[in-house]
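Each of the two complexes below includes subunit A, the first together with subunit B, the second together with subunit C.
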Partner chain A sequence: MFGYAVKRLLQSLFTLFIVVSLVFLLMRLLPVEGYFGDRFQKMSVGEVQASLRKMGLLDPWYLQLGRFYAGVARGDLGVSFIYRRDVPITKIIAPRIPYSAGFGLVAIAIAMTAGLAMGVGMARNKGKLQDRAGTVYIVFVNAVPLAVYLLFVQLYGSSLLHLPILFDKYNIASWILPAVSMSLNGIAFYAMWIRRYMVDELNKDYIKLARAKGLPNRTVMVRHVMRNAYVPMAQYLPAAILATIGGSIYIESLYSIPGMGGLLVDVIQRQDNAMVQALVLIFSSVGIVGLFLGDLLMALLDPRIKLAKGGGAR
Partner chain B sequence: MTASPAPKAILEVRDLVIKFSLRGRLLSAVRGASLSLSEGETLAIVGESGSGKSVLTKSFIGMLDQNGRVDAGNILFEGADLATFRREEDWLPIRGKKIAMVFQDPMTSLNPLLTVGRQIREVIELHRGLVGKKAEIATVEMLDRVGIIDPEARADQYPHEYSGGMRQRAVIAMAMACRPRVLICDEPTTALDVTIQAQILGLIKALQRDFGFTTIYITHDLGVVANVADKVAVMYAGKIVEIGTTEDIFYDARHPYTWALLSSLPQLGVKGRPLYSISGTPPNLFKEIKGDAFAPRNPRALKIDFEREPPMFEVSPTHRAATWLLDPRAPRVDPPESIRAMRESLRGEII
Partner chain C sequence: MKLPDMKASAAAADAGIDRALFEFAGFDAEAGERGGYSNYSYWRSTLRMFLANKVAVFFLTLLGTLLLFTFIQPLLPGQRSPTTIFNDPATGMQYRNLAPSGRFWFGTNSIGQDLWSRIWSGTRTSLLIGLSVGLAEMLIGIVFGAVWGYVRRLDRVMTEVYNVMDNIPTTVLLMLLAYIMKPGFRTMVLAMCAVGWLGLARFVRNQIVIIRDREYNLASRCLGTPARRIVTRNILPYLVSVIMLQTALSIPGTIGWEVFLTYIGLGLPVSIPSLGNLVNEGRMIMMAPELRYQLLFPTVVLSLITISFYVLGNAFSDASDPRNHV
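And now, the complex of A and B:
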């Protein structure tokens, strides 16, 4: 088990390295205006070149990459070029982390509880009203573009439920709409997959045998069907985290939440390459940690994986 | 092997009718089956695929699929009529406790995510009310009893660490854990290789000797039947068309379907001749069946076979068959030559 964890950790770090390096190099291919913003118009070619050299941007790419990683190792993500000129990026980001992390975690928690409950209910009432209604919801969330139904949520949430339309950290009511918005996709996702796995499980021979043993329905459901259906769900944890990140980028700007997602939209629009790079690094790290945890959870829950990858049968 | 002369009936099925509703239509899977089992007896149910063997026995533990129900008839067991049971709670004292079932495929019969010991223990906890250490000891005892070596360590292992034969032993341990009165084995060895098959059958026999339960085997393998059964019931299209002791069926079969079934046995085929197979297909169970269900496939069918359903005729006190051939007015129809030849070759060989 430990060996397996270490192996997966190394794989995760390698994936992270590839993703971040790729983004870093792609950023270098962008037009150099991005490093100067409005000032670019007023600068001569000579000034631009001098500036670029000073920032080290004319060095060969591998030197730049090396410097970037050396900085990351020291906990230094560089300085912002445009967004807040010459301010260390870590300083800009730090106060925003709690908002993004907080909303993200709450959204995932809501998605998991509501989604799993919904999916379990659908599986147990397969083909009946609850199952049909759930399917409609899942299809709706998957088919209608995120931007569209999130606008609906904002619109009707504020007009019908009188919830605040913009985020204000001193007003708890204003937290509701963004948190719910962020979880809508996850709810559909979890419901869809747990329903599928439960329906699969219900048809398994060992479930029939568990019934034939005389176990009451509820015991069969909880001890055999649900437990077994939850195990493969672990692999979707990272996907749910990634989806939440994706959603948060849009939702944070929609509700003016001072988090990292809104910031990313901002700095991309303003072409602050250094900031984009730093945020991508953070978001990919979170995603990859999620993948790693998902795999680890699977291995913990499923004895067959432990044996295949770890020790070996006696 | 002779039927033990224990006359006390433990399970009695009378004119059982089981129907399934399928997309608005009704399918009659069991159409008036009757049989009676004495304590300690071993019954084998044979018949081709789809004849209703599994459905019939599943109804004894209330495990019919959602869309099926007992439509008429009785299943008498220990003073209760199981055919009237509707609610889940009715079944709890019977299912797995008094009547246990072992399924065909041991590879898929165990939950892969729970240890084997845990899966046996849950039966013991449920039906014998043991908990903690006592339940654990009983679990290990049970594994030992079904011939699992080093049962203590094995109890903590997962099914994927067991071989196929061991898994079937574990499944049997589960079924036996609460000392049932009736054990139903639905093709218990079909998925296993031949040597393991023999071991499993031997194990069930030994357990039966010790605990004295009644066994119902469902099987396609007449070799198994000859080896283990006291009594054989032949099913066709949801009916028991012939029932008798193993000798009655092998030496003195009366129903044309039983003849056909016996003729198609690979074990009993004559060397050098192509294996006999029953021509035609079983009747459509969605439709009302007129007369003898086997008549359309029976080259020796009488006119009346197409018109009126034959009742059960008594051949001997142990042997009954539903065929007009047994009516005193029927013309004399001899079994096919292959059956007569087989009877000769059988003498003293299999039984």
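And now, the complex of A and C:
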């Protein structure tokens, strides 16, 4: 277990290194306007060159990259150029982390519990109304783009249910719509998976044996069927984290939640290169850490993982 | 040989058994042919399975009608240009936000353009993006996945490439790519292709790793069949179902990405009608109940198209799986 964890950690660090370097180098390809904002129009070519040199942006790429890593090691992600001029990026981002993390975790929790309940219900009533209604929901959520149906959740959630249309941290009612929006996709994802899993699993021999020896239905479900479902559920957790990050970018912006996702949309629209770079790096790191923790969790839950060779394709 | 025969027939005669039953039957070549030949045809069975699915047939008809209409709509008589701004001849003012009527079937938008023709024009743009991205992804995914799965020496490198891309949330990667390039049709297609081939490549790779070392492929290799032929003839036919599903699903996915990129301001220029631009225009005025039709009409058309592709992709994938052909 320990050996596996170390190996997996090294792999994640390597991936992180490649991702960070790649994103950093890609950002160097951007037009230099993103470092000046409105001032750019009024500056002469000489002035632009002079301040680029002062910022160290004309140095060879390996020097810039080295300097960037040295900065990260000190907890310094650079300063914002346009969004809030010359304010350190870490200072802008830090107060926003709790919002993003909170909503993300709540959304995943809702998705897992509601998805589980829905999937189990569908499997029990296979072919009946509940199953069909659930299937329609799953098809709808998977087929219609998130960017479209969430608009209607916001529109009719606010007009029919009289919930606030924008986020306000002092009004708990305004937290409901964003949290529900963020979990809709995950609910469909888990429900679809649990349903298929249950239908397959209930026909297996060990379940028949458990029934035949007279175990009550509840024990069969909890101790046999669900115990075996932990591993694949943990396996899907990282994918759920990645999907939630993706959804949160749109939803935070839609409901004006002061989190990092809404901020990313903001700084892309204002073309603040340094902020875009910092946020993309943070989101990628969260993704990598999420996948790492998911794999560790799986190794904890499933003793067979130890035997497998570490790494490899997912 | 003859001796026991004669003994047996003698015994049979004693037992009073009808001798005619023990005559040799004549050889019927036609009847022999009938037993040794099955009229199973992969594509015919696939089609039969597919047509047996009523929901799928319904969506196929719906999608067919929609696609046909989308492409012949500009040729129909009495259609307006999607980008012309219409003015009231009496006052010279633009026809702003007119509700749906006999004249403007879906009403007009906030600067007086005809929503009906804008929606069909936008659907054409979005479908064009969707189909180009879907086909390109299919090609890249198959080639990359086949090489990844078949060439062992490249496995480590390609797995690493996959891990790096898979670790970044797709949305973030797409935003980054679209941000780095100049906004426009080409950027959008390139960015979506760059993130979209991953899933198909992984499916193809996993399938190939599974089938690669089966006996019949081993035999092919021993007989000196070139690797390219083994991949294209022995292995790829197994993947039809997965490939079609992924390609069909990438079209609604692409349309969704387009809406999202337009929302964050990295989409097509507003002068080109697209479903993303229309939804975005509708979103800005959705809080006014009497203007909601401008959001509702594009989203209904968009949803019908994406749901059709999704259902059809799944139905075809089920039908083309030989395990279901019984």
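By our rule, the second predicted complex is superposed on the first by the 306 of 314 C-alpha atoms of A that agree within 3 Å, B and C clash if a C-alpha of one lies under 4 Å from a C-alpha of the other, contacts with A are read in each partner's own complex, and residues count from 1 in each chain.
As a convention for this text, a contact is a pair of C-beta atoms (placed from the backbone, for glycine too) under 8 Å apart; a residue touches a chain by one contact, two chains touch by 3 or more.
Every value quoted in this text rests on a predicted model; they were computed, and no experiment measured them.
Superimposing the complexes on subunit A yields a three-chain arrangement in which subunit B and subunit C fit side by side. Set side by side, subunit B and subunit C differ in how many residues of subunit A they touch, and the one touching more is C. When the two structures are aligned on the shared chain, A:223 is found in touch with subunit B, with no touch to subunit C. Residue contacts after overlaying the shared chain place A:145 against subunit C, while subunit B stays out of touching range.
Once the two complexes are overlaid on the shared chain, A:301 sits against subunit B while remaining clear of subunit C.
Applying the stated contact rule after C-alpha superposition, one finds that A:210 touches subunit B and leaves subunit C untouched.
After overlaying the two complexes on the shared chain, residue contacts for A:164 are found with neither subunit B nor subunit C.
Contacts of A:71 after superposition on the shared chain: neither subunit B nor subunit C is touched. Nearest C-alpha atoms belonging to subunit B and subunit C sit 8 Å apart in the superposition, given in whole angstrom. In the superposition on chain A, the residues of subunit A touched by subunit B in one structure and by subunit C in the other are 313-314.
Subunit B contributes residues 61, 63, 88, 91-92, 94-97, 100-101, 103, 105, 108-114, 122-123, 126-127, 158, 160-161, 171, 174-175, 178 to its touches with subunit A in the complex.
Of all residues in subunit A, those touching subunit C in their complex are 11, 15, 18-19, 22-23, 26-27, 29-30, 139-140, 142-148, 151-152, 155, 159, 165, 242-243, 245-247, 249-250, 253, 264-265, 268-269, 276, 280, 283-284, 287-288, 291, 311-314. Across the interface of their complex, subunit A is touched by residues 159-160, 162-164, 166-172, 175-176, 179-180, 202, 205-206, 252-253, 255-257, 259-260, 263-266, 279, 283, 286-287, 289, 292, 295, 299, 302-303, 306-307, 309-311 of subunit C. The touching residues of subunit A, counted against subunit B in their complex, run 204-206, 208-217, 219, 223-224, 227-228, 231, 301-304, 307, 313-314.
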